[in-house]
Every structure is written in C-alpha cells, then in structure tokens.
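The two complexes that follow have subunit A in common; it is paired with subunit B in the first and with subunit C in the second.
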Partner chain A sequence: MIWTLIVFNSLCVWRFPDRDLKEIFNADAYETKLVSMTEEQQSDIEKRLGAELDPDETEFKFFLVTRKGEPAGVVSTHLSKGQYGAIEVVVGFVRDADEKTTKIKAVRIQRDREKAHAALRGAKFLDQFIGKTPQDKFQVGDDIKAAAEGAEKSSAAVAFAVKKMMVVYDVLFPAE
Partner chain B sequence: MNLFKFAIKNLVQRKTRSAITVASIGIAIAVLFTVLSFNQGYESALRNQIQKMGIHIMVIPIGCPYEAASLILKGGEIPNYLPQSVLDEVRKMDGIEIAAPVLIHGIVKPDEGRTDIYAGIDSSMFRLKNWLRIDGGFFRKDDDIILGSDASLIELSKTGDQIYLPEYDRTFDVVGVLRPTGTEDDGFFYLPLATAQKTFSREGKITGISIRLKNPAAAARIARQLENIPQAEVITMSELLGTMLSLVGSVKTLILSIVIIIIAISTFSVFNTILMSVFERVREIGIMIATGANRGHVFGLIWLESVILSLSGGFAGLVLAIVASRGIEGIVKKFLPLAPKESVISLRPEIFLYTLGFMLIVGIGAGFYPAFLAARHKPTDALRGE
Partner chain C sequence: MLTGSFFKRLFFMSYAMGIGLSFARVDNSLQKGMFFRIDKGTNSPFSFNLTGSEIIFQSTLSSNQRDIMKFDAQLFLWGSMEGWSKGMHYGNIYAIFPFGPGRFNLKIGQHVVPFGMQAEYDSHGQLFQQPYALNIGERIDIGVSLFGILGPIDYFYMISNGNEPNMADRDDDKVHTFRLAILSQKPIGDFKFGVSLLRGVLPDFINDPFIDMAAVPDTFIMKTRLGFDWDIQLPLFTLRGEASVGPNGGENPFSDLPDRSVFVGYAEARIPISYDLELMGMYSRFQPSWSGGGAIYEFGPGLNYTLPDVSAITLQFALLRRFYRGMKSDRAALLLVVKL
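Let's turn to the complex of A and B:
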C-alpha cells in the first residue's frame, strides 16, 4: 500500500504564502531553506516512517517564518498522491522550546481533486492534526479519523504527508 | 618593442578609462549579438514547431483568426465555437487528408492558482499528430482520459488511475499517458470529443479543426474553398507564421534602432578615449618622432589602440551574451505571441563573425581622426608643451 502514499517535497510549490502566513502564524515574512540529507539521516527518516523515500528526494525545502524579525514557525509543502489525482498539503509547525519537540500548528490543503474535497479541507478533519508531534502515529482509523466515509485513501495520503514532513524536519533540525 | 605591445601598454596605462570604454562597447555588442541571434533562432524554431505540427490549415470560428489560431495552438480557450456540422463539410472536400476537430475547455481555479486545459479530441488527432506516443492506449469508452506528460506528473497519475473533475462531478479512468513532446500538448487532459462536449455543455460545438492536406501546395486553393463555409475563418499555417514573424519583426526593428544608437554612442566613446589620449601624449608623440619614428608609425600606433579597444569590447560583449543568453531567452519567451518550446536564440558562428567584423569597422572608423591628428604632430610641439 506504500505506493499509494508517495509524497514529494521538491515538486510542490507553496501557492499562497501571504494568506497562509497570516492565517497560521499571523506573520508576513519567511526565508526559504533547502536542506540536503546524509545517508544516515535518510536511514533514520525511513525507519521512523516505515517507508522508503523516493530516490529523487535528496533535499527538502522548508520555509522559516518570522514575525517582527523573530522566528515564528516553519512551513513545509508536499505533493501527495490521492485517490483521484494529486493532493498538495501545507503544514505549519512550531518547535516548543520547553518540551523540545515540534508541534503542528495548522494543516491546509492547497490543491486536490478528491470526491471528499470539502471534507478533506474542512476543520473537522484538518484540526485533528493540531498539536501532534513527530512521535504520534498519524494513522487513519487510529489517532486520525478519515475526512469522510470512502475517503480513507485520500485521508491517509494527507496524514502520511504531514507525518513525513514532521519526521524529516525533526531529523534534519534536531531539537537541542 | 613592437607596435602591438606598445599599443597594449598605452591602453593599460589608462586602465580605468580603457575599462569603461570596453564595458560600454561590451554591453552594446551583447545586445546586438542577442538580437541578431534571436532573429534567426526564433524564425527557425517557429517554422520547425509549425512544421512539426503537421497542420497545413486551421478552421476556426469567426473572430480574430491569428489570436484564435495562436490560442488553439497554445491550448487557450476562445469564446466562440464552430458548429460540428462544419467538420462534416470539411471532411467531404477534395484534397483533405485529415481533418481533426478539437474542443478546448479551460477550468480556471483561482483558489488553487492554476488552470486545467481539457481537449476533446477523436482518433484523427493522433493520426494528424503522428509523432505522439501513448504509454497505455486510446479511448475505449466515454469516461476514459489520456494525460499529457506534464499533466500526469502534476497529478501523480498514471495509466490505471482515476481522475475526478469536482467541478462537473465526473470520474474518468486514465487509459494512457503521452510521452513528453516538448510542446503544449504535454499539459493537456484529453477526453473523447463527445464526452468533452457533453461534460462542458458544448454539445455540437467545436473550437477548431486542424487540417492536413494531401498536397500542401494546394493550401491556398483549399483555403479559398473553406472560406465559403459560413461562420468559419480559415488560416493557413504559412499565413500564421508570416503574421507571427511580422509581429516580432516590428519589435525587432525597434530594438535594432535602439542598439544602433547605443553602438553610435559607444563609437563616440572610443573616439573620445583615443582623442583624449592623443591630446595628453603630445610630448610623448613628439619625442617618438624626434627619436626616429615616422608619421606612419604614429598613425598605426594610435589606430591600433582604437582597434584593440573596440575588439576587446566586442569580445567582452560576446562572452556576456553567451553567458546570459539562457536568462535573456527566458525573459524574451514570456513576451512572444507564440513562443516555441525549443530555443529561440541561435548562437551561430557567422553572427559571431559579423559582430566582430562590425566592431573592427567601428575601431577603424573611431580611431582614424585621432591617429591622423597624432601623425601631424611635430617634435617642436613636444617642446611647446613643456
């Protein structure tokens, strides 16, 4: 089933940065950071995900968000294979200074052609991700409820994309 | 020390002035070389692209024919339609090898910042564009879809997957993916013509008909016959090519005029640089003549300095143009009426040689008067300067 969960970071553009920055972080500036991973980091990511990365995925793009010059969070985007075409996912997360972990602040769907289009983009589904950390399962039917009946596959694609970027960030930018 | 080394030494001694002159010539030459290269490259790329299409005539709805033909070729949606009965009339005419209808429909998605282009076609389109290769197969049923290679990548979809159109609540089975063609075809979603007409509520309507003739030489005659069909506008591909080239030609003439002005300014810059150096070197030239140099030596030295300066600027400009050509091409393509996918800047050796030859003439012309003036100096001028 892993083939249905292919996600690409490099292929996905961030379509509405101004809107997302304001809604998620109340911020208006960001800096793009392109990060390559070592073989050791790749192995760590794949082990934690339980899935292999695509051979083309050698570097990852993160958008470091600032508010009045101070770090406010991170945004990452992903192109994921849904049931009826591609799904583009935007994930906003922050690093919790006290607990030294990364937590999701918001998830947005910026492009999809799923039958459960509205449910997939709805707060009921997307808000389930808020506060989750890379250590969570992100399993549809377990800690994540599918967006709608019959939308399990597309819901799983979104959940996997979100988890993957959390894990990738956690490995590439380990908490001090 | 020979005359060439002496000339170089003189130019290096005034390095700031020489560098500024070389830079000004370099920029002018870079623009000239790019414009000349673009002219040749664009014409050949456009001709290739139109020939590669295998289309001799297009029949489109009445309106601006060139805009409509350009939009159809680029996959844009035009607001007018032809009745499908026109297709039957065209297919009955003598001399027509293939008449391929197309219905283009764009779905604009402002909230996703993109537009999907759907093309309703029948099997004649694949006979017309016989270079198209499909991984998978052709339509077997109404709800089949074929993806262009870019569309397949964007949707992460391949043969066997499904594509859903939320705007029309229709699901299609992907039966094939086109191999990359390097043309606009790569970005299309292809549907059976009747399905596209029904889905987009355009029953009995088509956007245009692409025609291949049995004998391309008969294009003008058949075009005249086609013009008798009501509501139809006819355009031959040679007319389209001519219009595109003349549109670009007007812009090119304007740019060339500006380039000529820039080069004239650069020529005066060389003239001024050399003339100033002659005025500053009255004593030096006087001593040269007093110590045995003849007037021919002095004339040759100053003239050589002018030529070296011009050719150095020419070389610098050519290097700049070659290095920056891809970036310039990207910018230029955005403003072209029908931008071919292949390169529109052709870096040909003959343009290289023409440009350098032109700079040689500039150097010779700009240096003549200062060289003549220097050669008229007398040894006593040097003493008077003291």
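Let's turn to the complex of A and C:
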C-alpha cells in the first residue's frame, strides 16, 4: 500500500536524532510523518492554545519512534521565538493508552542564543515538563517556573513550543 | 498526470517490494524561495536584481517503522544568476538512503561538497559568502557521499567529479573530500570544530565568479586543501568561520606547500539584539600565495532582520569594502529573502 501526501512546509530540523532516540526512548529507528491540517483542526488547535498559529505553520512534522519494530514514542521539533532569536525545541512524548492521552517524556533545546542559555538547558527547568499532558497549562509563573530570573520570556517561548506540539499532535492524532 | 502518478506509484511499489516492505508511504513537501537584491557599488550601478527564485521539492519514503529514502530537488526558476556562479547556488538534487541510527547514510546525486563550514552551514540566501569560489572552485558537485555520526563525531566522505552540477564529467580524476567534526555542548555555549581534507582536479578562477558572472574557469588543476572550521554559539553571540591551506597543482602537496599554497580565511560574527534583529560582521580572505601578493579580501558590517510574525521573510543589509588585488571598492547590498 502506498500513501502519498503533499504539504507546504517551513520546519525545524531534528539535529541529533541518533542521540535523542537512544537517550529518550532507547529506540533504534524512526519514521518521518508530515501532517497537514484542515481549517477545522487549525481552529481547534488555536482555540486550545489561546493563540493563532504563524502564517507559515500550515503543517507539522512528527517522527514516529520504534524500538525493535514496536512503537516507542513520538518526537517533534519546533522553532520557538526566543528573546534573542529562534530556540530549537525537541519534545519527546508517549501515548498513554490507559488514560488516552499523551505524556511528555523529555524536552531538549537543540540550539539557542538566549542569555540564560545554561539555565534553559538545565534539568531543573526542562524536567518540569516531564509527565505533562496537552491538557496542562504550560504557563510560566503557574505550572512552570522560569529557568532563571530575567528569563521569563525565553522560558515562556519554550513552554509555548512544547504545549503547541502536544496540542497539535493531540488534535491531528486523536487518542482512540 | 494520471500516467505520471501511475508510474510513480508503480516505481515506489516495486521499490518497496524489492526491499521487503508491505507498506510504504511517500510524504512530499514543497518550499518556494525568492532572493531579491538591491546593489550599489563603486564599480557597479545602482540596480535591482532578482538573483534567483526556486522551488525545493522534498519527499520521504517511509515504511511503517523507518525512513527508507529522502529525496530533495532544488529547481531554479528565474533570476539573474548565470554560468558558474549559478552552479554554486542551484542544482541540488539528490537521494539520501538512511540506514538507521548509529549507521551511515548514503547520499547520491548533486549536492554540496562537505569541505569546511559549507558541510553544515547553508550560505545559500546569505549576503555573506565564504570564498569557496576562489578556493575550491565549486560548491555543488555530482557524486556519492557517506555521512553519519559516531559518538560525538560527525563524519563525511564524498567522491565527486569536480565539475559543478549539470555537467558531464571530463576526465577520470575524482575529487575526494573528508571531514570530521566534533560538537561539545557546554553550559557556556555550543562549540563545533571540524577538520577537512580535499584533493582532486577542480576548476580554478582568476576572476571571482560572484563579481563577474561571466567568469569561466581559467584552468582545471589538482588542488589539495586542509581546512579547519568552527561554529561557536554563545549566549548573545555566534562566531563561525574557516581557514584552509594547500597547493594548486603538483603531485607532492606537502613539499609544494611553500611554493604553491593558497591561504583562505573566513570569519563571521552575529550578535542578536532581539528576536528579529541581529548585527553581523564578516572578514573574508583569499591569498594565492604565502607571501600575500595578489590577495583578495573583503569585510564589513551588516544587519539581519526577520519579520516578527512571518519568519519566512528576512531582510539583510551589508556594507562591504573589497580589496581585489590592490584595487579598493565599496558596495552596499540589501537582500530580501522570502521562503514559503
């Protein structure tokens, strides 16, 4: 069976697939999946995010991760608007079949030029995301603490990127 | 259309069956780009230039477990770039066969020669260009590459014709390019260092094809180059560059070094002011001999601006001073890049 799909994209690259696959999922392969969305899905995503998608965000790329041929999780990458340029965010998550939702397994920063570079990449900040679901707020000052004092904007950019990827996946791949 | 679609499906079906897949999916994406420049220089008129416009078509063939093949084709539409300079920016068309994490990837077709910083840094669509035209004599070539990651080390090897894209090969000589790079991510920043080695018969230009688009190679000559490159990302600061040495001609690259070696250097710094605005600066040097005689060098500041809500549109501005074998010239350039 062959499926074909054409989408128009401007997407963030996944720079370290080998390392992330091993460290986040102990997995051995991945499959790239490009997904476009309907107007209805876009409206649903924007409503849940409380913000509009960028004009060039017309589709999304997900990497479906497998371990010995069995599904192990999903990776998504996103270019977020930091205080001093783009922040490349990697989100690894798994679908919880019992609770019919997705849960974050790890969040990583691939590239950034933020002042709070070390704090943004530190476990203290990034580990706060582990276990969160698309239903969580991802609000700096509420359920997420800023990476450092003065880094509220950068932290919020990362949190919003993570939430966006979770919500988009939840809408485009609804739990059965 | 129906026939094309039928044959495409038949091809992928056959390919998928050939590698034992019962399921395969092809995802396609399309990116459009336009590069519009306004130039004014000491020796060049005030002019509007559509230097190029392009379509980049990307496909991924996947099984239900892993990616089998990625295909990229960069199609030049219209623009003022021509001749050999056009072949340094347009003509990428290749297939990548990934063999999975921890294994190598095979790349076949026309693609960027992985020498120095151009192995990973895409200078296409940038006002600042490294001096690869004078140094190596090409950027995109026809050949086969192996690349991958071994622990912290990225490795690249390419064997290619040495002719630029879209050209039939003219001899048995092949260009061999090796590169190893290491990335270290530290709390203070990310540091990537690469070392490259290139040897083969390549085009050699006396006139810079980016200044004179009608320039053709004055000769094809055996070139040997040892290069070092770096990409340092610190908070509020990016520094990237490369330096390379090696002789043109001769069968003894090391003993020929004092007589025939060129020296090439490039450094670029970027300082973000905000999300959408960054300051840039560049120094580029091509020296055809150790003594420094006949050196070509260029330097200047610039600005890079990204539209706040549309990251697909950027504006670059640069003021550049160039010394071309003793002659000084200045130019100002504004570049609008649209990628959708």
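Keep in mind that, in the parts below, the second predicted complex is superposed on the first by the 166 of 176 C-alpha atoms of A that agree within 3 Å, B and C clash if a C-alpha of one lies under 4 Å from a C-alpha of the other, contacts with A are read in each partner's own complex, and residues count from 1 in each chain.
Definition applied: contacts are C-beta pairs under 8 Å (C-beta built on N, C-alpha and C of every residue); 3 or more make two chains touch, one makes a residue touch a chain.
None of the values given here were measured: they were computed from a predicted structure.
In the superposed pair of complexes, A:S43 makes contact with neither subunit B nor subunit C.
Of the two partners subunit B and subunit C, it is C that touches the larger number of subunit A residues. With both structures placed on the common chain, the touch criterion links A:D56 to subunit C but leaves subunit B unconnected. Of the two partner chains placed by superposition, only subunit C is touched by A:G69; subunit B is not. Once the two complexes are laid over each other on the shared chain, residue contacts for A:D18 go to subunit C alone; subunit B is not touched.
In the superposed pair of complexes, A:N26 makes contact with neither subunit B nor subunit C. Judged by the touch definition given at the top, the superposed model places A:L34 against subunit C, while subunit B stays out of reach. Of the two partner chains, subunit B and subunit C are each touched by A:L79. When the two structures are aligned on the shared chain, A:E114 is found in touch with subunit B and with subunit C. By the touch criterion defined above, A:Q135 reaches neither subunit B nor subunit C. Within subunit A, the residues touching subunit B in one complex and subunit C in the other are 6, 8, 11, 16, 79, 81, 83-86, 111, 113-115, 117.
Residue ranges on subunit A touching subunit C, taken from their complex, read 1-11, 16-19, 21-22, 27-34, 54-56, 59, 66, 69, 79, 81-86, 111-118, 121.
By the touch criterion stated above, subunit A contacts subunit B in their complex at residues 6, 8, 11, 15-16, 79-81, 83-86, 110-111, 113-115, 117. The touching residues of subunit C, when paired with subunit A in their complex, are 8-9, 12-13, 16, 22-31, 60, 62-67, 70, 100-102, 149, 185, 187-190, 233-238, 272-275, 278, 309-312, 339-340.
Listing the residues of subunit B that touch subunit A in their complex gives 109, 112-114, 153-157, 162-166, 171.
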